[in-house]
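After this come two complexes, each holding subunit A, first together with subunit B and then together with subunit C.
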Partner chain A sequence: MAEHAHHHQPYPDDMWVFPRRETAAQDLVSRTIAPISRYRIALIITGVLLALGVVGFIARAATDGFDDHAPWGYYMAVFSFLFMITGAAPLVAVGFRFTKSHWRRPLSRISELFAVLGVLNVLMFIPLLMVLPPLKNPEVVGHQLEIRRSIWFGGPIGSPYWWDMLGVVGLAVLGMAILWLSAMPDLAGAKLTATGFRRKLYGLLAGRWYGSKRQWNIQKAGLAMLGAFYFMFLLFVQFIVASEFGMALVPGWKDSIFPPLYTIVSFQSSLATILLVLFILRKWGGYEQYIGVSPFWSASKILFALTMLWTYHLWAFFITFWYGRLQVEQNILKYFLFESYGWVFFVNVVFSFFTPFFILLWNPVRKKAWGAPLAACFILVGTLAFNIRIFVGAFNAGHTFDHFLETVPPPAWPDLWDIFMVGGFIGGAVFIYLLAARVFPILSVWEIKEGALYQKMENFMHGRYMVLAKPE
Partner chain B sequence: MPKLPVLGLFQDANNAADAGDALRQAGISDKDYDFLTDAPYPEGAFGERVEHHRLYIFPFIGAVLGLTSGVLLTSMTQMAYPLVQGGKPILSLPPMAIICYEGTMLGAILFTILGIMFESRLPSPKLGLYDTRITDGYIGVLVQCDEAQLGRVSGILTQAGAVDVKRQAAAAATA
Partner chain C sequence: MQEGRALTPTQINRDLLRPILEQPKWFWPAVFVLSLIVLVGVSVAGYMINRGLGVTGLNRPVAWAFMITNFVFWIGISHAGVMLSAILRLAKAEWRRPATRAAEVLTIFALSTALTMPIMHTGRPWRAIYWLFPYDFARGVWPSVRSPLVWDPSAIMTYLTSSTLFVLIALVPDIAVLRDHTTGVAHRIYSLLSLGWQGNARQWKFQVVAGVLLSALILPVFVSVHSIVSWDFGMSVTVKAWHSTTFAPYFVIGAVHSGVSAVVFVMIILRQIYGWQDYIRKEHIDALGRLLIVVATAWFYFLCMEIIFGIYGREADELAMREMQFLQYPWNVLMIIFAGITYFLPVALWLPRTFRRNLWIMSFACISVNVGMWLERYLIIVPGLARKQVFTFTWQTYMPSWVELTLVLSTFGLVSLLLLLFSRVFPLIPLYDIKEGEFLRTSVQVGRRTVPATIRED
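Showing the complex of A and B:
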């Protein structure tokens, strides 16, 4: 609880919170089974949305089949939107654990829990592989390429399909391994009081966890190693998605900036989503005593930096093509930025850069708990616009085996099934996350307790400040 | 003769550290007792032994195996089906690197997960001597000793300030 009220201080009363470690485990675990009416309503709404998404998917498959990738542009856009957020989200926990940031503790599990959505990513990825054109041109017309441009050149066996699939599956497995290892101590504690199915599940997942020194050491080393691999593998899979389903489908689009830009958008949107979930839990979830203002205050600076990086990469992409002035480069700029998807690009820039930039720049807002989550809302809309203009554009950019984009294709607007799929699968992702939050404690109990061991309030001159032990 | 577990429960972490000192002075090897906690305590906070593990070896082995598989797969398929692409050599490194990287990473990841399970002796459906109060912040000092030493060890733990001392029979009921 916040315990500093009478002294002058330059930060809000609930900047830091001091959870009681004796009751934290019981309290946080019991919340996974407590009936919450808001939760049920959210579950019903997102469940209905998921059903609509499935209807849209079936209708699209029945109408257009899987022979041509063009009708699946919006499906790809929503897949990429979800993959960007859910793929990079566990990295937030990993990264701030690496840097030993104390303020990260409330958001660690929130970010790791996104790993369960790896299952949705894998399932959604399968139809995309079915519509991905083969490397070899089945029917060469005129001056078309015999083998389309891709990162795979002529081989090896299984490319691109099996290697793409292996990447997405590998990332999902790795994310869930991080979640499992991180949640193991909490589940071991929870299984002692759980009953029925939960007890069996927790027992299976927690195994023989006692909390011995050796186990804590292995967990720490394991999380560090898996975290490092997650970072290395995430960038690889993002490179595959950005190259394979973006650039490679647009005749003549060769750009070394786009995969890094994709990664930056992913980092920005995943941090934004985590802050939004954190704010919802603090404001409406009853977690005020565990979530102070400090995570928002600290993370807002990183969100600001990512917002700036987004602009830098976008500018680097633009200026290279603008200065090059080849016909293909001009057409790509017109297609993605100024003509065909000009309005979508406008929304993208306003929501991904200008609005969050000014929100996060403005100290009176940035320092509030709602400042960064407000910017996050805009960023998520901007990210969706980014994915629509890039992937709907890429899927409708003409013949994949052409040498270059000779004309500027018109935009592809969504039909009813596209709207169902975009809204439905976003709702579906929230639905799965909500279910996962009822299995795993939404806050990392052992990290909260560890933090409580190391912090207390002390007087210093005229102020009262938090004193934090840093054993490493 | 198999050793039997005794679990002392401490409300105060300082008392648990004192129990560790007392056990060592009583001639109990530091390999025979362990501290069970609900959260990771700083290294050496209880005066415990330094724990060594071999987890770092696992990803290395996995990475080597994955890289080898990647190199073999890419080189052998390209040698078996020699198609010249854009005037590049049959065995050109850039396209091979992508598969090799993916193989290396997947091998390292898989072996790390296996290593964690092996080094932590996980998973196992049965829980040994434990007490739910450890989850609430109590410190458990788990001692493995001969049957003849049970009384003496229990006495040491109680003297150090244990609020409860449990033996195997009680543990079976808890589990």
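Showing the complex of A and C:
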């Protein structure tokens, strides 16, 4: 158990401070090696869910095969749901490390750890490539397009399949490189106390880390460069997923704001997920002394801004289509927003915007540890609705090679296998995350220790205040 | 983020009030030159109104060109104020302090200047009122409230009002300092403007709360202004390359890009002419440079989306327009110059820390961005209109006349003149904000190193 800095300096009770650096490392590592009983229960439940997901997937493949993409709409929706959360999550660590925000320290590793789910993303992506229609129309009927609308235009070699795959695999590799580089100092520290296989594993992952000045400089520069590259690569891959598996499958849908909207939803949902994990760790994981209210309060403002941005982008899309009065655009609005998927859109807007907006609007609520996580729960439901609306809609929007959406197609509702896949793969993602948390310390030990170095209490005017250093 | 020496409140008052209390020698010659530029602009505007829009290069179908480009450009510059002041204030970024006032004031003057452009562009400015207000009840003639051309002035006037209020509230404590440092008529005027400010705890509380509230309230207005300007174009389905869903965020982020660059340039000028090296420090320019890398990259992303999805539809008329934009002279050359000087060149210059701290390089990069952003608006407006019609025999090109060139150049003179006059009457760096920063400034000892730190108020 880490000895809290409160014991040594007169901090006010309502002020959260970083724990003492001398004991933080040992405490955090020991928690990783010997988890609490709740962890095992969560692992069993999510493991069962994953099995159900696999059953659903096998049943779907056995009944419908991979020739037609329409039956795979819900599978695509759950893939996109997981991909947008896990793909953007490492950026939370990267972004707030770049802005040198102290409050980020407890949530850095939580966000980087989502990179391990890149493996799940890659595995789930393979069947989607199998159902993706080719660029060239194999059988032109009537006035259909010979080559469908696609971001690959004329089609460079291997497009769309190999390039799409390369994007998802590249992102997974980059994400894990960030996690590995960031965790290296902690793993080197953990190696000293671990035994058996774990010691060997930590030794392998930590490499020759001794904590020399040169190594620290390389690590920080490497994290900055990898982070910048990851950010750009993420935008590109999200652009691929949103356009290739959403827009391109809907005849006549040409919408330049959709990839940015997809990215905003992914930023919003990934931050929401991280805050939820942070809250769970604080409330039930025994990390209360490491996770104060400050990360929730600060991140809630960002979450609020992202919620507003989501609505702004959606509005910009809606108003341009609505005002244009073109038949194709009116049909797309009816399909995705008002008629076929009207109810899903309603859930999406209420949960992704209205509810979090009214929760996060109030500073007293934002200042509570439960405020932002409560909004996060709604956001995650809204994000799932967003993905169902877009991708189930796109996979069931008729013939991809048609010029435009001449009629409004009916909605596609889920069957049992779809429900198995949606619930199962979400559970599977949690299962993998929990396993990864057994290997890597869930809190970034070196960042917590660094934070402890950069703080002190000082008398100022009539009060005593926390002082936080911001090194260049 | 704390370079330079520690400053006392007396020293801050003395340094930042010097341009107001002691008249610089170059002040009146500079005012004279800038006034002359504005006078030429006003005369040319008068000439154009007298002779009609035929003296410009406008034609059918290119009915919007230089003046509307300039309108969008100045609206864009006005976005710096809120970006630097409201957002950074809410984010509690320490390095915002010397930049906020200049950004806010630039917002007001840029907005006012922008407004003159569409009014002049009507050709008969007095008739502009018909588009905004109902004027013939008997015949049931109403302005179309569903038109972005009506939303535009509403949004701009709301933004102008709120920005002015924002500046005034932030100015009150500084005006009170001026009141205490002046005599005679000046003292009486400043007394009136300081609204009885005495700097007691209650007044400070109100001032801070008002500042935070206005910061939050002005944000939606800030976003709406350039979004609506973008919808002037985006709502049109007949002009190819305009009917794009991404226009609103693309315009807003572009506005922030050009606006923040303009503020950096203004700050560098202020630092040099008033000798404010202790206040506008290289670390501030460095921080703004880093912010600009992020903003520029976000803008570039939206630019890519706009272009990719322009071609994505593979519609013949849009492809013809894009072909003209990218492959035909002089548009192709202009496109290359635009992309180069708006993104690739400045971002390459902002990446190395040493360059971000070199004021010459930063000035060059910021001017480059603004020339590029002006060109961007031109390249959106003119090529689209030139190919607006379905029939090729009605396709037209456009060349600006000397009238439009003079009008555009004179707007730069107008904004510079207004800034100069403002700096003679009110401090362009907020005194109280700098003093607060100095009070909160401290350091933390980490091993053998002393690391700059800030007292956290919450």
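The rule is simple: the second predicted complex is superposed on the first by the 456 of 472 C-alpha atoms of A that agree within 3 Å, B and C clash if a C-alpha of one lies under 4 Å from a C-alpha of the other, contacts with A are read in each partner's own complex, and residues count from 1 in each chain.
Here is the rule we go by: a contact is a pair of C-beta atoms (placed from the backbone, for glycine too) under 8 Å apart; a residue touches a chain by one contact, two chains touch by 3 or more.
Keep in mind that what you see is a predicted model, and the values were worked out from it rather than measured.
Chemist: Which partner does A:163 reach: the first (subunit B), the second (subunit C), both, or neither?
Modeler: Only subunit B; A:163 stays clear of subunit C.
Chemist: May I ask you to decide whether A:177 touches subunit B, subunit C, both, or neither, giving the answer as first, second, both or neither?
Modeler: A:177 sits against subunit B, while subunit C stays out of touch.
Chemist: Which partner does A:151 contact after superposing on A: first (subunit B), second (subunit C), both, neither?
Modeler: So A:151 meets both subunit B and subunit C here.
Chemist: Considering only touches as defined above, state whether A:235 meets subunit B (first), subunit C (second), both or neither.
Modeler: The second partner, subunit C, only.
Chemist: Which partner, once the models are overlaid, touches more of subunit A's residues, subunit C or subunit B?
Modeler: Between subunit B and subunit C, the winner on subunit A residue contacts is B.
Chemist: After lining up the shared chain so the two structures overlap, which partner does A:284 touch, if you call subunit B first and subunit C second: first, second, both or neither?
Modeler: It touches nothing on subunit B or subunit C.
Chemist: Which of the two partners, first being subunit B and second being subunit C, lies in contact with A:453: first, second, both, or neither?
Modeler: A:453: touches subunit B and subunit C.
Chemist: Tell me the contact category for A:211 with respect to subunit B and subunit C: first, second, both or neither.
Modeler: Only subunit B is touched by A:211; subunit C is not.
Chemist: Give one of first, second, both or neither to describe whether A:260 is in contact with subunit B, with subunit C, with both, or with none.
Modeler: Only subunit C is touched by A:260; subunit B is not.
Chemist: Do subunit B and subunit C touch any of the same residues on subunit A, and if so, which?
Modeler: 151, 153, 232, 453, 469, 471-472.
Chemist: Across the complex, what residues on subunit C touch subunit A?
Modeler: Residues in contact with subunit A: 1, 90, 94, 146, 223, 227, 231, 234-235, 237, 243-249, 283, 297, 301-302, 305-306, 308-314, 440, 442-444, 446, 451-457.
Chemist: In their shared complex, at which residues does subunit B touch subunit A?
Modeler: Against subunit A, the touching part of subunit B is residues 34-43, 46, 48, 51, 53, 55-56, 59, 73-74, 77-78, 81, 83, 85-86, 88, 92, 94-96, 98-99, 101-102, 105-106, 108-109, 112-113, 115-116, 119-128, 130, 132, 134-137, 140, 142.
Chemist: Flag every residue of subunit A that touches subunit C in the complex, lowest number first.
Modeler: Per the stated touch rule, the residues are 149-151, 153, 232, 235, 239, 254-260, 301, 312-313, 316-317, 319-321, 323-326, 453-456, 458, 460, 465-472.
Chemist: What does subunit A use to touch subunit B in their complex?
Modeler: 21-23, 25-26, 147, 151-157, 159, 163, 166-167, 170, 173-174, 177, 181, 184-185, 189, 192-193, 203-222, 225-226, 229, 232-233, 236, 446-447, 449-450, 453, 469, 471-472
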